[in-house]
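Should a chain be cited, it is by its letter among A, B and C, assigned in written order, with residues numbered from 1 in that chain.
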Amino acid sequence: MKAKRCPLAILLILSFLSISTAAATRKTQTRKPCKSMVFYFHDIIYNGRNAKNATSAIVGSPQWGNKTILAGQNHFGDLVVFDDPITLDNNLHSNPVGRAQGFYLYDKKEIFTAWLGFSFVFNSTRHKGSINFAGADPLMNKTRDISVIGGTGDFFMARGVATLMTDAFEGEVYFRLRTDIKLYECW
Amino acid sequence: MKAKRCPLAILLILSFLSISTAAATRKTQTRKPCKSMVFYFHDIIYNGRNAKNATSAIVGSPQWGNKTILAGQNHFGDLVVFDDPITLDNNLHSNPVGRAQGFYLYDKKEIFTAWLGFSFVFNSTRHKGSINFAGADPLMNKTRDISVIGGTGDFFMARGVATLMTDAFEGEVYFRLRTDIKLYECW
Amino acid sequence: MKAKRCPLAILLILSFLSISTAAATRKTQTRKPCKSMVFYFHDIIYNGRNAKNATSAIVGSPQWGNKTILAGQNHFGDLVVFDDPITLDNNLHSNPVGRAQGFYLYDKKEIFTAWLGFSFVFNSTRHKGSINFAGADPLMNKTRDISVIGGTGDFFMARGVATLMTDAFEGEVYFRLRTDIKLYECW
């Protein structure tokens, strides 16, 4: 009766395997994103003479700084609020698909580094909802990773990582960031 | 020997099914909150004459702003720190059940929008612990969703979405936000 | 033919069990961290006379404050940007293993409380990557919990809780925080 070899023992082992697999799902997950997107956003900082075009402004600065010129010491302590257009390509004049809104602050005296807290806000036929970001931006590195800490609407409960790349930097007034978003938790 | 029909193949299929189910658990989750709560919080901004009652203060502003009057251009660039009472109903004078603490910043020149980073801090018999929030608040919309990015104590490791509604707005000194919190990850 | 006792019914039950286990994994999780770490970080605030040693600076303040002295009313409204060395022990002069970068803001008039948004940034053989934090810090309490809201590199997609303890506090210029990080989601 070979069929006896399909015993409870095997079932239990199988069951155990299934359970283990379930429990380990998160840990052994291959790092394959459930959603990938690439966007660009464009920041034009207010310098006292570009009120019309500016998309951001210095709102906090250290004792040695002011509100129209980024401070000495690698802008340490400058806090900038922004409402930047998001585009699908690297052209400032392309049709914006959303807005990047929030703040960055320069946080190191010796080199340029920043800390970011912001959202991508979409309200188009393509995307509705927001993606929320936070993290350190050592902006002299070619690529830097920050966290996707949450999302709403189309991006409900999203989590992931966004890789930032400085795509252009002109004087101290304009920069453009390429943002490669990879979501690893999608609902 | 019909028993041979309980073969390894079936076990493997079953095993595969179990694994797939485990892996898909998160994705097929119905969007049913594991915890829902409604709170109100009340913000009285310092205007130079209400030091005693004020629960918030402008601490950063653009070049064209100051610390006692919200700036022109839809308050773009104003950064406000707050410690606001949380109540269970919409009455400012109800017994506070906690404090909403953190900041908001106005981040658009053309209309009122804000970005929020704050916590609900509870220390009562009812709730102990904190809920941390971040996200964009396009405050002219009737409802806006921000992210619950974490929690501690009773709200250990919480994630979810909070829907904000402006419940009252009086001049530029007082506003009240209704906050519908829905947690989708509870530990 | 006893082998018939290995029927579909049992398989289905088993399958159901596996599925249930998978679905419940998150909720029944014991609160056992997948990673625990202890670090110290050291904050020396700029006071107008310590430019060389300072690791942080006041960049926002309420109307009654300034940029070199923490404001009255328990520093309510002071916003501080920092780039603090992280060490493995409580010695400021130990070899830093990373930098704590971000901001804190004092947010209560009656007692000292703060709100924190920052990252631990590592770039050594030991650790590469960042851990992102946010949360309320009622700093008069012996221990306070904030959220680990994300991570990158070695800390890819991390979530957890960090317990802060004030390990030293000297005048209003230096403080040292012990940070016990417990991650409950590791990838």
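Note that in this section contacts are C-beta pairs under 8 Å (C-beta built on N, C-alpha and C of every residue); 3 or more make two chains touch, one makes a residue touch a chain.
No experiment lies behind these values; they were computed from the predicted model shown.
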Turning angle required so that chain B lies on chain C, C-alpha fit (0 to 180°, nearest 5): 120
Same vs different contact residues, chain A with chain C, by half of numbers used: different
Centroid distance [mean C-alpha coordinates] between chain C and chain A, Å: 19
Sites on chain B at which at least two other chains make contact: 1-4, 6, 14, 18, 21-22, 25, 59-60, 79, 117, 134, 149, 185
Residues on chain B engaged by chain A in the complex (per definition of touch): 1-4, 6-7, 11, 14-15, 18-19, 21-23, 25-27, 29, 31, 59-63, 65, 76-79, 105-109, 113, 115, 117, 134-136, 138, 145-149, 159-161, 184-185
Footprint of chain C on chain B - complex, ascending: 1-4, 6, 10, 14, 17-18, 21-22, 25, 34, 46, 48, 57-60, 66-68, 79, 81-83, 99, 101-103, 117-119, 121, 129-130, 132, 134, 149-153, 156-157, 185-187
